[in-house]
Structure formats: structure tokens, C-alpha cells
Amino acid sequence: MNELLQLIANGLVTGSIIAIAAIGLSLVYGILKIVNFAHGEYLVFGAYVAFVVNVTWGGHMIIAAVAAMVMTALLGILLELGLWRPIRRKGAGIVSLFIVSIGLALVLRNSILLWQGGAPRRYDVDVFQVYDLGPIRLSLSQIVVIVVASVAIVAVGLLLARTTLGKAMRALSDSRDLAAVSGIDTDRITAHTWILGSALAGLGGVLQGLVQNAFEPNMGFRLLLLIFAAVILGGVGSAYGALVGGLALGLMMEVSTWSSLPAGGVDAVYKPVVAFVVLILVLIFRPQGIFGRARTV
Amino acid sequence: MSGLANAQFWAFVGVVAGIYTIFALGLQIQFGFTGLLNFGHVAFMAIGAYTMAILVVKVEWPLWISALVAILVSMLFGLIIGLPTLRLRADYLAITTIAFGEIIRFIAVNQQTLTGGPQGTINLTGAGRASSYNREWLDFQGWAQDQLEVILGDHATRDVTMLVLIWIVAVALIVLLQFMVHSPWGRVLRSVREDEDATSALGKNVFSYKLQSLAVGAAIGAIAGLFFAFQFSFFSPQDFDPLTTFFAYVIVLLGGTAKNWGVPVGALIFAFIFAGTRFLDFWPLSEITSADRAFLRLIVVGLILIGLMAFRPQGIFGKKEEMVLE
Amino acid sequence: MSAQNGNGRILELSDVVKHFGGVAAVAGAELDVRTGSITALIGPNGAGKTTLFNIVSGFYKPERGVISFRDERIDRKPPHAIAQRGLVRTFQITKALTKMSVLENMMLAAPNQPGEHLWRLVLTPRASRSREAEVREKADELLKLVRLDRLADDYAGTLSGGQRKLLEFARALMSDPTMIMLDEPMAGVNPSLGLELLDHMKRLQEEQGTTFLLIEHDMEVVMNVSERVIVMNEGRVISAGPPDEVRNDQAVIDAYLGTGRRPAAETEASE
């Protein structure tokens, strides 16, 4: 039982990070109808910006995290203006845009590798500080992740539900043409969506770096598949679905290793495979996910 | 290593280009002809190589039977991937097939007794006992080399022999693909690529054709895997990561999707960039460390992908009227 | 090649329902098409005609209802299976395969091509080749019929809208279908060629017993060519019968008047 509780706690930690990144990916998907394969690299970018601020320059982790969000948001908007928008104007279709996002992922990841090298990095935080909450043991990093993720998720939720910008973003996500016709400046809202989605990705990268202890540039790709699984699970185009999908996926991945399960549970190294299997099963049996509407999958 | 005049260097480039040509031809059927955005293509290569190696080393079957079974197993895996994913939209299909590929790689890394684990096939008969699947192939290659010596004399080295063997197969496959693309079967595939609904309305079972396309692509991918295995004598899971599939896409897109003779051209350009930047040492390459060169290469690959999509989606040899990427 | 149903009805629909996002595009359609007839399907914009075509040809699955073609239920069958059974259709917004040549478009449409099956292509190349030659001949014939033979080797993408309609019409004939559903076959086609098409339809009907169901807005065509007219409005069939009867049916007049339109010749946007 204690083991299960611990696994659930770990699952919430993993799940929160995936959820934050998934919300970002889902928002972008909602407006552009494409899967941004480079999204994982935005996370890595955020993680490394935070590294530079925290370790190379000696700044506090909070400043590092904020810097990561700001810089990743900047990256997002620059890419929107310099790459995505011009290519969209040329009338590129789904396949072209996807291939472009693959090219972008390669460029981003290897630029970071060129910049920082491939050796694993770590933030300047105390990794040994642990807290015992009843039967559960959590490190400082894990607690920070849960707290920060929760705050971020609530903030994003409020933004989407209550503000004019949020409503415009949701409208655009539902139907680009209708939104344009009702006077919404699609370019401006698209830009804002990128900013928000990228900032969330940057934050996700920092959190993942915290939890993972040591990170390197290839973590983006590994996370991307998990994020994608979460988005599919929750329902494409639904930010709320991305949240639920992320948490659910994190829980499933961790709890699957529970030793009381038949066959002693899944071997810990196969946790990502659990996520992939979930992804495939969802696509076979309920492609629209938990909250999605049965359409363009 | 010396400069551009080194014949062994070119032979090596040619071998790598040959392997990539065959690999990319398998992708050509799936993506170029049929429009399937299969991004897990490298899994077919892995399954081909690993199945052969496991059968030869662990089950002790003859090489040629193992190779044939390897191709069949790869085709079977193609069908398994296809069944749940072929109904998906292009980018979903892409990411799901990557996931399948990663599952295969995970298994290869973690099922040590089956696959030799992260160190690869050298461990197939247990750690510390170097095993090899290559013996029969090397015998065959030796025989081929003897035949080649009659024509080429001293130039018939191991690498040159491999070069000739691979390219005989590659050219044969290109000719085969040419025949197929112009056949009625190929016509249906091309129709599926452009408009599935129109194709269905004409009485063709689109799903079945997509499966066939995957299966044939898988078989060819497996052949590439076999040559990879023979050339390098041992391999490990990290030889089969998604990057390899991305390279195949660059080659197919460069040459022009569905332009079969463009594939070897794309592969040669590719192999030259890769082998060249790895082994050649003139300025400015000499200023950059080899690790950094690897990163730069991949940045260039990424830029080529973006550039192609933005400026010349039909590739070098493609025709704009036949562009169906949308 | 006539296809007699037990009761002379080649296509029967009963209580067919299809919703899109809460709106009933087809709300309990009930109709039948007489074997060997030329029947028109008319109705104001948004009545559900093309949706009905999509349902019958298998592209949409109805939530409810029974569809029978030649006494066989087809409502759960996929599009290719329905086409193979001899019920073919054309599309309102033409689906010519623009990256392939006109001739290839035609040859694709022929049924029973051994060359389309991988193992037969490899094992029986001669059978494949001879069938290919047959198919080619028939394609040439039909292209001549619709005056597209000179464009046979051009990319279908270079054809005008009207020419693509002709191509779809000719393509539909490649498989010698038992019944053809034509979605606005005359739109964009020049009038004299349109008349030739109608003549060809009538000839096919007489000589081969082919059944035609056409969605058409040009009332002259409807009145002249069809033996029976089915009228849809708001997802339902509101009237069916000989053209003159239907024209004077109050329900039909109301339907058209209600949407501010009259059942006269008009240009039509998509549904």
C-alpha cells in the first residue's frame, strides 16, 4: 500500500510536467492544426536557459525559471514570425508543416548541443533534501514541481476561461474561419498562443530538469512522445484534456510498476513503453481521446 | 585519413550510399508512392538485422534462410504497425509509427538475452563471448571478391566487393520499383496518395493497398538492414534510432518523391556529406571538433528539410505538377 | 445487363438518419429508385441531397436506417465495396486525380484488373498486360465520347471545371455500372455537350438498363430527361413522382418558396 501511495505521488509529479507541456502543445495544435514535432526541443531550450542562469551565472532557481519561460516564449514568437507564418502563407499543408517541424527539431536540438555540449547537466539545487509526508517520501524538487505546476495550470485555466484573450484563443481553436469572420485578429491571437504555449514548454523543461537531476539535450525527443500520448489521451485540441491526459499518463506510467500487479508489474525501464502502448490503444479504440470530439483523427 | 583521392574512402561512401539507397527505396514505396508518413521505417531495418542475427547465432540456421525469414518477419511487423495506424491522419500516423519504432528499440536494448542488449550483437551469446553472424556472408563475399578480381585485379578489395554487391541489389530494386510504379498496382497507390475518397469511390480497397505498401516497404527496409549487418559485422540498438528514418526522408525528398532514380542521387549526396565531414580534414573542417561536426551535420540536415519544404518541395528531380504533399 | 429487383426497385432507403454536430442533415429519408429509370433528386440548398449521396455510397455511416441496393443491404458497407457491387457515383466538387493524367484517371476506374493485385501482377504478367490493353481501349472510347481524347496524356489538373465533370462522367462509365448517381453532372459543362451526355445516358438506359439518379438544379434537364423526380427538403423526402405532378405539388412549391427560391434553372452553391 505504501508502495502504491509513493507511486501515485511520483505519478503526479511526472504527470504534472507532462500536463504543462501537453497544454502548450495542445494550444498550438488547436490554432494551427499541426503537431509541432519541435515542441520537445522548446522544453530543452527552457531547461538550458535556466541552467545558464542558475549554474553558469549563479542566479537563484526562481529567476532561472522565469528567464526560461521568457526566453522560450521569445523563441516561440520569433519562430512563428520567421518560420511558421511565412510557410503557412505559402499554403503549406499538414505534411509539409510536419516535415518542417522535424527539420526545426533537428536544428534546435543540435544547436543546443553545439552551444552546451552533450554532457549531462544539473541545476544548483539540493538534491538530497527529502520530506516525509506520511508514507510518502518526496524530494524538494518533486514538491516544487507539484506546487509550481498546480499554480501554472490554475493560472492558465483562468486565462483561458475568464480573459478576453483566453476566449479568443479558444474560439480560434474551435474554428479558425469563424473566428476570423467574427473580427478576431487571427495573427495576433496566434502569436499570443505561441507565447503562452512556448512559455509553458520552457517551464516544463525546467521542471523536468529539476526532477530528472541530470538532463541533456536528447530529453526533448523522449518527452515529446509522452507529451503526444497525453494530448491524444486527453483529446486533441482540448487544453483541459491535455491536463487530464498528462496527469493520467503520469499515473499510469508510475503505477504500472507496482509490484502487486500481475507479473510483478512493469519493469521500470519500460515505463515509456507503457505510455506508447496507451497511445496506440487510444488511437485504436477511442481516437478522439477522453474529451475530444470525434473528428479529424 | 588522407584527402579526396583515397579510393577506399570513396568505396566506403559508396557502400553507405548503397545501404541508404535501399533503405530509402523502402520508404519511397510507402511515402513517395502511397503518401504514408511512416516515420518508424528504421524499425524494419532493425527487425531485419536482428532477426537474421538471432536466427544465425542462437538458433543456428543457415544464413540465407535466416535472411529470408528476417524479411518475412519485417513484413509481418509492417502489417502489425499498419492495422491500428493506417486510418490516422498523416501527422498522427507519423508520431505513432515513431512510437512503434521506439518500442522496438526499447526491446532491443532491454531484452539482453534475446538481442544482446545495449552493446549489441557482439553479446548475442552472452557477455564476454564475442559472437558473430557473419561467417557465411564473409565466405560468400570472399567468393564474390575472387570473381571480381578477374575484372578489377588488385582493386577488388573487400569494400569494393561490398560496393558492387550492394549496388547490384540497389539497381535491381530501382528497376523493380520503376516497373511497379507504372503498373496498375502502382497506379492505385498513387491514387491513394492523392485522394483516398476518390480511390474508394472507384472500387479500390484503400486500406488493403496501404497495408501492401507498408509490407513491401518493410521488406525492402529489412534488406537494407541485412546489408548494414553484413557491412559492419556487428550492430547495436543505437544504430537504429529515428534519425536514420529522418535521413531517409531527406533522401527521398531531395531526389523527388516517387522519382526512383532520384533516390541514389540523394543518397550519394547524403553519404558524401556524412562521410566527408567525418573523415576529411581540410580547412574549415579541421577547425571544428568531430563532436561539433556531428551537430553541425544535423543542423544542416534540418535546414535542408525546412528549405526543401519551403522552396522546392518537389526535390531535385520532381515535377511541380506531381507534387502531392498537401 | 438489367438488374431486376423483386419489385422493380433497385435502390431503397428507409428511415435514414444522419446528424452532424447536433443538426440532422438527413432526418428520416424514405425513397426508392425504379430499376432502369432516370430519376432526378432535387430540392433547395441544404436539403441534404449530397449528404444522401454520401450516405448511400458509403462515405457517411447513417445512425439509423436501411439502404438496399438490388435487394442487398449496403448501409454498413465501405465505399469500395458498394462501388464494386455496381453502384457508382460522381462528386459535386469533382474528384479528378489532378496529379495523374486524364488517361490514368480513366484506366484506374476499370474493375477486375489483375495488374492491380501484387501477386497477380508478378505471377500472371500476361493476363495483366492484356487486361491493361482492354482497359486502355475502353478508356479511349469513352474519352472520345466526352471529347476529352485529345487531352488524354495531360495532367487532369490542367482541365477546366467543366472538363473535369466530363471526366468524372466518363470515369463512372468505365466499370459498366448497374446504377450511377450523378451529382450535378451538367454544372459547368457547355450546353451542347451536356445534351450529348443526356443522349448517352438515355442510350445506356435503353441498351443496358442502367439506372441513373441525378442531383440536378437545371429544371429543363430535370423535366426533359427524368421519368421520376424525388424532392428533398430539410433532410426529408417531401414528394416523389412524375415531373409534372411534382412540379405542381404544393409541398414542393412551399419548400422552394419558403427558402425564397423557385424550382427554376439556377446556379447552385455546394450544400
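Order as written gives the chain letters A, B and C; numbering starts at 1 within each chain.
Note that a residue touches a chain if its C-beta (ideal position, glycine included) is under 8 Å from a C-beta of that chain, and two chains touch if they have at least 3 such contacts.
Just so it is clear, the structure is predicted and the values come from calculations on it, not from any experiment.
Enquirer: Measuring from the mean of all protein Cα atoms shown, which chain centre lies nearest?
Expert: B
Enquirer: By mean C-alpha coordinates, which chain is most distant from subunit A?
Expert: C
Enquirer: Could you grab the centroid distance between subunit A and subunit C? Build each centroid from C-alpha atoms only and quote it in angstrom.
Expert: Using C-alpha averages as centres, the distance is 48 Å.
Enquirer: Averaging only over C-alpha atoms, locate the centres of subunit A and subunit B and give their separation in whole Å.
Expert: Whole-Å distance between the two chain centres: 32.
Enquirer: Give, as an integer number of Å, the spacing between the C-alpha centres of subunit C and subunit B.
Expert: 44
Enquirer: Using the touch rule from the top, collect the residues of subunit C that touch subunit B in their complex.
Expert: Residues in contact with subunit B: 57-59, 78-81, 83-84, 88-89, 91, 95-100, 104, 107-109, 111, 113, 115-118, 121, 128, 132, 155, 157-158, 171, 175.
Enquirer: Which stretch or stretches of subunit B touch subunit A in the complex?
Expert: Touch residues, subunit B against subunit A: 35, 37, 84-85, 88-92, 94-96, 98-100, 102-103, 106, 110, 242, 246, 249, 253, 291-292, 295-296, 298-299, 301-306, 308-310, 313, 325-326.
Enquirer: For a test of understanding, state which residues of subunit A touch subunit B in their complex under the given definition.
Expert: 34-35, 37, 83, 86-87, 90-100, 102-111, 113-114, 117-118, 221, 225, 228-229, 232, 267, 269-270, 272-273, 276-277, 279-280, 283-284, 287, 296-297
Enquirer: For subunit B, which residues count as touching subunit C in their complex?
Expert: Per the touch definition, subunit B meets subunit C at residues 180, 183-185, 187-188, 190-191, 194-195, 197-206, 212, 216, 321-324.
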